[in-house]
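Per-chain residue numbering starts at 1, and chain names A, B, C, D and E are given in the order in which the chains are listed.
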Amino acid sequence: MAELNVRIENKQYIHGTNVLDNIEFNLAAGEFVAIIGPSGCGKTTLLNMISGLEPSEAGSIVFEGERFYGQMCTQIGYIFQQPRLMPWLTIEQNLLLVQPNSRPDTISELLASVGLEGKQDCYPRTLSGGMQRRVSIARAFLINPKLLLLDEPFNSLDAPTAARLRLLLIKFCQRQRCSVIFVTHDLQEAVYLADRILFLSQPPSRIVHQESITLRRPRTESGTDELSWQAALLAKHPSLLAGSVN
Amino acid sequence: QKSPNVRLGVLKYGTVNWEVDVIKHHKLDKKYGFTLDVLSLGSKNASAVALQSDAVDIILTDWLWVNRQRANDKDITLFPTSIATGGLYVANDSPAKDVRDLANKRVGIAGGEVDKNWLLLQAYAKAQYGFDIKNETKPSFMSPVLLNVLMLRGELDAGINFWHYGARLKAKGHRLLVTVPEILHALHIENDVPLLGWAFKKPWAEQHANSIKGFLQASLAAKQILYSSDEEWTRIRGLTKAEDDEVFTRLQTEYRRGLLHRFGLQELTATKDIFAVLAQHGGHSLVGNATSLDEHTFYAFDQRLLSWNPVVEDESAR
Amino acid sequence: MKALDDIPKHSANQTVINWPVFVTRLSPMVFLTQATSRWLLSRIATVLAVGVLWQVVAWLVASPDFPSCTAVLSSIHFHLTQGDMLLNLWATLNRVAISFVISMLIGVVIGVLMGSYSQLNKLTDTALIIALNVPALVTILLCYIWFGLVESAAIAAVVLNKIPTVVVMIREGARVVDRDLLAVAKIYRLSPSRTFFKVFLPQLYPFIMASARSGLSLIWKIVLVVELLGRSDGVGFALNTQFQFFDITGILAYTCAFISIILCVEGAIFRPLDKLIARGSAHG
Amino acid sequence: MKALDDIPKHSANQTVINWPVFVTRLSPMVFLTQATSRWLLSRIATVLAVGVLWQVVAWLVASPDFPSCTAVLSSIHFHLTQGDMLLNLWATLNRVAISFVISMLIGVVIGVLMGSYSQLNKLTDTALIIALNVPALVTILLCYIWFGLVESAAIAAVVLNKIPTVVVMIREGARVVDRDLLAVAKIYRLSPSRTFFKVFLPQLYPFIMASARSGLSLIWKIVLVVELLGRSDGVGFALNTQFQFFDITGILAYTCAFISIILCVEGAIFRPLDKLIARGSAHG
Amino acid sequence: MAELNVRIENKQYIHGTNVLDNIEFNLAAGEFVAIIGPSGCGKTTLLNMISGLEPSEAGSIVFEGERFYGQMCTQIGYIFQQPRLMPWLTIEQNLLLVQPNSRPDTISELLASVGLEGKQDCYPRTLSGGMQRRVSIARAFLINPKLLLLDEPFNSLDAPTAARLRLLLIKFCQRQRCSVIFVTHDLQEAVYLADRILFLSQPPSRIVHQESITLRRPRTESGTDELSWQAALLAKHPSLLAGSVN
């Protein structure tokens, strides 16, 4: 039951070299896939192509059996690498923008769950970097997406907050049964969250390794199982994180 | 039965308002069987636009304009009402004796490059003295108001302006260095030549023969009143915006002097001669595609209409 | 404001009792927030300062071509009471308002389209430059000749003159709109109208404000010419009449009267808008 | 371009051999990069299309008030060869260029100051609005009266008219400058001039381009009025002569001639600038 | 020999609540201080005040014995939380902007050391998030600062790159002998790099704990000493990372 089919023969920016090279993977319904790769390898580009923001000339993105061009036909939530809030709207208005008919208490509940109680009426510029990021996470959650794309979402958040949000993410995915593609630089985080990890190489990027994580849930963030699993993986493929083929 | 309307476009500040006021005051329009609707306009160009876009039936303009429009297939015609007067003004204490003394002096011209008096002056200077006034003096063109201000301030050595501005210059101690009659004389034109007149579309005049006849009669009647009655002038003094008695008397005399009294064959010939002179000096920018005086430029009318009073002695025609 | 205060003079006695109540009700709400009253004071102070400076310079220059401030004020008073300044101001204001609204609306739409679609921009760029550079005189003349000497021709002439300048400005703004924020709108599938009004337009506000501000003044300048060439009322018509009689005092009187109206419009419309727009911006 | 091509006609024979070498040298460098030549073609196509459309409409309307394109072209030819169109165009172009440069320079400086220092802005805001709304007629008239009927008075009148609109536009731009990037300049202690030219100004480019584009057209419109009221050459002076005789063909001829010059200026100056500015922006 | 004296009685944004409350600490010459605190506690605000970007009404910042207002008198390098590159300048021009007389090979060496060989002539928008961040790191290094402020600099970088840059930072500090204030969310990173860690509380933020790290250098990133030191610290003050007083 492959829900999302990604096949990209290659991707090249204008005046640029090849960024992606023969990337092909499936995503089952409700599956949580983490993507790890060196900085600048094309992770954001990949998410942009899946979401339809970047055109994919050679290849196809098929979601729920429908191929799409340019505009997604299903609700997708995308947490961009930058928060991308509208500076002229308050936090509440930023959330209402994507889901106009949400009730005020839904919004304040959601904000509370990301640790931003009472910040409804603040403008984005009066928030810290991490707070803005949390608003953008709340925004993606608000629309009840079928497909969730996350680009390093817990970056620039302190450890306890990040842990809390990871928990929130897991709960949300279970309730919503949405498929998730999660870009991160943190192997530990990936092991904790994902069903499968894709490792990308240096550009032109290919998938150098796929690893299904068979640890049963619920997992613990720095649990011994998880840590040893991670250690075993690194022992087997020592250069995996560096993005080179082993 | 309701009398037909005649729509007249006039400059808000123009001298023609005096006449209109007289017509209205004495109900001359009613007397001659029409109703006069007056549309005040902001500039000379505006009145041209108004006639072209059928916003008014009659405007006051000069016959060269009409002739040129005729050359552009516009069937407009003109009933002449006033003659060319004025001339070249200099300050009373100016050392200039004739135009040659203006060499390298600043001469202001109000009507632009193609002002009739300016063109006539060029022809005159050349014919009389072989003096190329256009290239040997420093002519500059400006709006009439500015010209008066600069003349009075002494920033211009000589100037050509419209008659009611000229009247003010005279009142403020300027004199005429050359007058139009002198110029005409030098060019061997011995008759009055018309300057302005009522212009209207010929088809309109043909369709509204009674209206136009009534209008012309009313206009002449008003002129007659202004010509002969000093009391009437006192009544309209407010309209003239004369700043003092001197200017007021000047305006009164100049106005009377500028009225056209005859327009017969001789005058027509004189006009044709003038056209030749003007065409030669003004060139294309003056006459456009009109190479000669169109025979319908002047409205064919009953000549007796004009013979209504004696010609005043022109003081400047020495 | 003087000009407008004159109108209800006759009925002043009748409402004399209700007036203060109305004022006290209104003033704390609209007028006298502290910032606003401070701003109002500073504005009045500036106007007074300009007036005093003018008066002093006029005394020093002492030329008939440089009328003093008091002379102009008394001329305003004269024209208000004896002449038809009110009528003229009203006519001009009407024309300015109508053509302002029309040309801003059309101009913003075209500008946004040209700024967003570079293909369209390439096609229409030349036409835009041509439209931009046709002299006002020509447009006005042609409008009058083709449509006749009617009010709508006057408005059309002004609008045709103004639209290209709005387009140029808005286009430049639409070109630098943040694509990242538009991507958000696309991902979250905002409707086109929501995208436009909530994401696109707010980024254009500085450009729109600039073109509205300079536009208002430009429009009123064009209206002056339009009135000169084919209307029988309005400030332009009056100004030209004054000009013909070289009544500099009168010219300045009309100018001052109109500028004071514009100052009010500025204070009543643009300034609140400015504040609304500045919310959430780097200035706060 | 026609207008300018006429000048070196007499010496054409003399350089006829060097010309092609020069052209082939120059063309691959400046003119015929592929994008430029495509753009040039599209521009010429637009101009031709406008011309053809005009001609067709003129045939259909067949009114003396709507001269055909060919009539206007032959009028241009006539004025070029018989009249002093070249002289007039040159005079106007000179005035436009000088006053454009002066008013852009002064306007940008004042605009940046007002946009950056909100205290200064509060003080001068009212004065700006007043300056913005003084009718061109009044400024021109007063300049002529006070400075006399000289060239500098004409230039001063245009500059005074134009500066406020530039200021309004640049001010709006300076208000929305990214404070974060200015913070970088401050931290890394860039000299004030470096900060201004490398960090501040690039953010104003869209506003400067918009005000330059609309400014050029505005200036030439004001120059027309200035020439109308007190100069003895220039397009405005010629237009007025044409207008006096209602010579619509002549008016359009002058208009077209000037617009074609502006189109060249656009292509030769603004377009390369545009490209320079777009480097590194979201459009690329 | 306290080089930098920070004393902030309190800091309040307009229309905001108290952010910082009685923060006081010294920085010795060449000392490396890490700051850890929950998201939104005021770390960026603190750096901004030290660098003079935010006015400090109540309190004083004294650097090398000179009190300063508004503008630093010494060369400081500040790596902002966002890359803040000038979008209209290429990477090379962005670097030349802050140090106009640097030689081309200095720049290309520096870029190579942050893993951006041959990207001199790219515009910032054609770089990935992590690459932009690395440019901003290079920019701070280029000016040879006496005081280096880093706001989560290795965020959004993959593990190997981050490790490489940490090494680079250590080398740079040793060569340059500059004092460093380093904001991070990663205790492990702080232990690896810093001489001292300041823990901030939830706002209004105070310094809830100071810990000098006496491990000798060179340290290893996930060395056993470092990890056990970290574990010991967390065992002693379990709620330290959450920013609450223990």
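Heads up, the rule we're going with is that a contact is a pair of C-beta atoms (placed from the backbone, for glycine too) under 8 Å apart; a residue touches a chain by one contact, two chains touch by 3 or more.
Predicted model only: the values in this text are computed from it and were never measured.
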Q) Which chains lie in contact with each of chain D and chain E? A) none
Q: Treat each pair of touching chains as one step and give the shortest count from chain B to chain E.
A: 2
Q | Two chains sharing the most C-beta contacts | A | C-D
**Q.** Chain centre separation (chain A, chain E; CA means) in Å
**A.** 27
Q: Could you give the separation in Å between the centres of chain A and chain B, each centre being the mean of its C-alpha atoms?
A: 86
Q. Distance from the CA centroid of chain A to that of chain D, rounded to the nearest Å?
A. 51
Q | Computed distance of Cα centres, chain C from chain A, in Å | A | 50
Q | Two or more partner chains touched - positions in chain D | A | 65, 141, 145, 243, 281-282, 284
Q.
Where in chain E do residues touch at least two different other chains?
A. 15, 82
Q) Which residues of chain B are in contact with two or more other chains? A) 45, 52, 143, 149
Q) For this entry, which pairs of chains touch? A) A-C, A-E, B-C, B-D, C-D, D-E
(Q) So in the complex, the part of chain B that touches chain C is made up of which residues? (A) 12-13, 39-43, 45-46, 49-50, 52-55, 143-145, 148-149, 241
Q | chain D contact footprint on chain C (complex, rising order) | A | 39, 42-43, 46-47, 50, 65-66, 118, 122-123, 125-127, 129-130, 132-138, 141-142, 145-146, 164-165, 168-169, 171-173, 175-176, 178-179, 206-207, 209-211, 213-214, 216-218, 220-221, 224-225, 239, 243, 248, 251-252, 255, 258-259, 262-263, 266, 281-283
Q | For the chain C and chain B complex, residues of the former touching the latter | A | 65, 141, 144-150, 153, 227-232, 236-237, 240-241, 243-246
Q. Can you list the chain A residues touching chain E in their complex?
A. 13, 15-16, 36-40, 42-44, 81-82, 115, 126-131, 134, 152, 155-162, 185-187, 241-243
Q: Show which residues of chain E lie in contact with chain D when the two form their complex.
A: 51-53, 71-72, 75-76, 78, 80, 82, 84, 86-90, 97-98, 100, 123-125, 139, 143
